[in-house]
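Written below as structure tokens is the structure these notes are about.
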Amino acid sequence: MALDHDTLKDLYRKMVTVRLLEKRVEQLVMAARIPCSGHFGLGQEAVGVGVCGPLRKEDYLFGTHRGFAEYIGKGMTPAEILTEYYGKATSLSRGRLGQHLLKPEIGVMPLPSSLGSEFGMAVGAALSSKLRGSGRVTVNLFGEGTAGQSDFGPALEMASLWRLPLIFVCNNNQYVELAHYREVVATEDIAPRAGAYGVPYEIVDGNDITLVYQATERAASRARQGGGPTFLEFKTYRRCTHYTGDPGGYQPKEEIAAWAQKDPIDRCRRLMMAQGLWTAADEQAMLEAVSAEIEAAVQFAEESPYPDVSTIYEHIYA
Amino acid sequence: MALDHDTLKDLYRKMVTVRLLEKRVEQLVMAARIPCSGHFGLGQEAVGVGVCGPLRKEDYLFGTHRGFAEYIGKGMTPAEILTEYYGKATSLSRGRLGQHLLKPEIGVMPLPSSLGSEFGMAVGAALSSKLRGSGRVTVNLFGEGTAGQSDFGPALEMASLWRLPLIFVCNNNQYVELAHYREVVATEDIAPRAGAYGVPYEIVDGNDITLVYQATERAASRARQGGGPTFLEFKTYRRCTHYTGDPGGYQPKEEIAAWAQKDPIDRCRRLMMAQGLWTAADEQAMLEAVSAEIEAAVQFAEESPYPDVSTIYEHIYA
Amino acid sequence: MSRRITFIQAVREAFQEEMRRDGSIIILGEDVRKGVFATTSKLVDEFGPERVINTPIAESAIVGAAIGAAMTGLRPVVQIMFSDFTYMAMEMIANQAGQWHYISDGVLKTPMVIETPGGARGGAGYGHSQSVEATFIHPPGLKVVAASTPYDAKGLLKSAIRDDNPVLFFEHRRLLTQRGETPQEEYTIPLGRADIKRKGTDVTVVAYSASIPKALIAAERLSQQGIEVEVVDPRTLVPLDKETIFASLQKTYHLVVVEEGRRRGGFGAELAAIAVEEWFDYLDAPVQRLGGLDAPLPYSPVLETACLPSADDIVHAVLRSLGQEV
Amino acid sequence: MSRRITFIQAVREAFQEEMRRDGSIIILGEDVRKGVFATTSKLVDEFGPERVINTPIAESAIVGAAIGAAMTGLRPVVQIMFSDFTYMAMEMIANQAGQWHYISDGVLKTPMVIETPGGARGGAGYGHSQSVEATFIHPPGLKVVAASTPYDAKGLLKSAIRDDNPVLFFEHRRLLTQRGETPQEEYTIPLGRADIKRKGTDVTVVAYSASIPKALIAAERLSQQGIEVEVVDPRTLVPLDKETIFASLQKTYHLVVVEEGRRRGGFGAELAAIAVEEWFDYLDAPVQRLGGLDAPLPYSPVLETACLPSADDIVHAVLRSLGQEV
């Protein structure tokens, strides 16, 4: 079944925003305007955006370090992201978070520096929803490398035991830093590990935004109906290097080229065009609008002041 | 196929030793002669004893806190065990280890206080055997509750990835302290979790010493041939309470009674008698010999001095 | 009305009263329903299995779950069966629980308590006997409580549960079955307020948890020699009530600090450092710092005891402080 | 022959020389083959994938595997990509690696090194920037190294690899690309020997790792005011070379201690405590203890810098120590 038109257009625009924003952030990091390194997800935008598509504003998202897609997907704006990356006083955290984007108001929950430390936290958020009957769903997004981390098993165990409204989403982009994932992951697929804990799973083409959306929608509705957790593994591919400081070279050119053919944004655009929902003029207008939004955000971030040093003494304890 | 007669008799004697020794230790704990609490495995003796049966002296064993069966199985003597439990100067560790039995000479490796901390260590021992081509096999024994611990998944991952000569042995005795295991374990079986990491597994009746022995033998020979890890889950039942301070009462009487029917020692004795290997007189003689060995060990431990307090300053650093 | 109840009962009452008052409090831990060490036992009968939750054996993920729950509106209490195992959750406690309030600029809160019995009591061995509380002084954003009496335990635990920060509540196993006067009426003790367990004028002995009974015995003995020791129990290591300790030092000019945790990098290090930085003019003699031997704890009770400071050691430290010992 | 090489090159050379010397040394860690921070990069070309092993992302199990390997005849080096993540392996490091030698009565040995870069260098954020080394002073059986120059790094790392105990080898990211004279010839520096980075007579400044360059800047400035600071770099926090520090104090009678890790319960606490216990008569003034703010590290470089002691802060601390500041 196809997604409704507005949904598709919205997802498309978000994917494009992610792509343009990532490129812009890369420039700004390289130009030393942004002090952190950047982790980008060229070619895997459909996962984060598609997963957030069927979520409600109040649903909880634990996203990733390569997470522009899910943060934009969940509703953060380029300005919110850029001011954090710049470390400016106008950011939601007044310069404290950097890459660790957070906006609990719209369900964007902590991104721990230490990969895997979100597993327990996501269980806790889901437990909290369940006990309070809030109807909220929690999504825990992570890479296939992170699935090797210690608290992965306990999180599956608890989610399964307590039938938590928790969706595990493994973004399998086939690389773990500078190595192909099979150098450090024992199996082709991660999802059957969830099955062994009694958590139902699906393995889905992560470059097809419709499939990503729909799989997540099924999982979310199961969760809301008290059916417990689901594990989704999305197969995709990282067409860029690990981070801005990584010269790359370890990904076969043919592999990259083959996946470029499956680019999720191109696929979505072709689909919309084939359905007559989208024209070259729409594309042009949208690109301009998104670019303008990003440029305005860059300018805002650039012009924003750094936080006052005296703020470091605030909120040490609650 | 049946085990050869001497092997069977040896395993039987070891199981009986475990049972009598546990009973004696219990008395000594209750009488405050032994300062630690005791964790016993009434009815599950076939697992530890049977697993150690096919192992070589130099193979590594990471045993459990409820591990009389595997420590006797691997060749520790009642005197070695009792002097440690008493904390006497004549123990291998001169009073330092207590329940954390250790005898690297015969492959008895650390039993960490913290459940699950042996997972990584067992991987390391197996990695070491593999890299040095020592031909040694490592057995990592743990309970079904401990399988929920964080480093369980990473250990499976590493063992699978690196094809380590490592046998994971889950002693599923159906209780995790004071609760039935299904209160804290999401699935009936643990072993399929290993399968999901690419580790072959078997689920075996843990009260049949022959089956335990043979499954381990298969796994050990696979490991020695470079075939990598195996996961064995032995189904058994703990007919005693969690530890000496536990009044019990949470295990249904009928459940205990049903499992008493499947007692591994009775089964082994019946088998040997049916095969004409064992007579009532043999039984009597063996019981006397084992009791005498245990009593001699108790007396030795009782009469041994406590370690000299000045020894506390030794071996702080290597 | 006051009764003599055990430390365990005091802790249990604190849970019970707070859980009645506030439906967002839940307890998570291994076997907390039956309660291996009884501080939580039978609470499940009153509050149900949804609020008293037996978990898998996975300390790190349990604490992680508590953090997630705390950030989303619950007030979880985690029981870690032996305080040695807090190290399994070090990442979650020190890198996550204590940090998100600050780095979120105050947006997130993590109101949670980690209740954890520990300490040496003979025969439990190296990894079931340690006093590890000093480890948690160093990371940011945490509070650390270590009560020495049932009265203090109850009042402090209630405050810990109401606190909006992660609080580690260390219990010493040797104290758990000790009894003490504890009012039936509601009371709380603020975190960060020390208590003078014995008044004195000659030497200030700062001790906490199971070192308090030893310090009091030492004080009795010293009193017979005409030396009046003031025993100050900080009760919370973070935040630390420096004022009360300083006030005592201003009388005595002599400081002894005692803990069962290892000496190197322990609580005593921090206190002695504060003394030499901030109270330099009030030190008439070197600070005497007593703590556990800087080694693993051996099992045999004769050895274990020898690794820990005794009442005698405190007596000697006080005498040394006064220059009365060679 | 000596060349100016970077800290990274010095560390890499230490690995290379030791791995050539001893076939039982292996390196385990995340992406150690390519080497994200280059200290291990290309070692795999010489020593093969069996000795330079890329692991899954599972710090606790990696350290656990190193312990098991160390107990059975290998000498593993574990790289933990950011020292903040050592907390994920706290159980394995503090409860296991450091304890089995002692409780086995010397039967087991755990010769292993944990090499881990860390510290703040602007823009990495709360959990990729901490200096956590002080945490590891407290648990037993561990050694803790924190070198400040390529020369020291190489010589100390070689000793650490040869040591039969678990050694934590902390590197500061701000130093990694710094260059320094390093001999081509084989040399080692024993663990537990401090180095005087600058001679002076008026105040002893004890600093280590990335605080050394700051201390030297401060010393230069103070020298222009006629104050000669002696900068002592302990280089290993455990074991600590108390003799060298004490010898300096016997000249200066004034002690300042500087670290980038948080102040509360930090290395400075331990050193100040030693001073007030053992060197009381050689303190003419309060010890000045500088360290990171007792809060999480904020991301924005302007904030991060403000949380750490600066050369200016050291100047002021020295002046305070000499009573020359209000």
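Of note:
We call the chains A, B, C and D, going by the order they appear; numbering starts again at 1 in every chain.
Basically, contacts are C-beta pairs under 8 Å (C-beta built on N, C-alpha and C of every residue); 3 or more make two chains touch, one makes a residue touch a chain.
Computed from a predicted structure; not experimentally measured.
Among the remaining chains, those touching chain C as well as chain D are A, B. Here the CA centre of chain A is 41 Å from the CA centre of chain C. With centres set at the average Cα position, the gap from chain B to chain C is 36 Å.
A straight line joining the Cα centres of chain A and chain B is 45 Å long. Residues of chain A in contact with two or more other chains: 93, 96-97, 100, 112-114, 117, 148-151, 153-154, 157, 161, 184-185, 316. Residue numbers of chain D whose C-beta contacts span two or more other chains: 55-56, 58, 60-61, 84-85, 87-88, 91, 95, 102-103, 125-127, 140-141, 294-296, 298-299. Judged by the touch criterion defined above, the protein chains are all mutually in contact, each touching every other.
The residues of chain C lying in touch with chain A in their complex are 26, 50-51, 53, 55-56, 58, 60-74, 76, 91-92, 95-96, 100-111, 140-141, 143, 163-165. Taken in their complex, chain B has these residues touching chain D: 60, 92-94, 96-97, 100, 102, 104, 109-110, 112-114, 117-129, 131-132, 150-151, 153-155, 157-158, 161-162, 314-318.
In the complex of the two chains, the chain D residues touching chain A come out as 30-31, 33-34, 36, 54-61, 82, 84-85, 87-88, 122-128, 293-296, 298-303, 306-307. Contact residues of chain D toward chain C in the complex are 84-85, 87-88, 90-91, 94-95, 98-99, 102-103, 125-127, 130, 134-135, 137-141, 238, 261-262, 264-266, 268-273, 275-278, 280, 283, 285-289, 294-296, 298-299.
Residues 148-154, 156-157, 160-161, 184-187, 192-193, 195-198 of chain B touch chain A in their complex.
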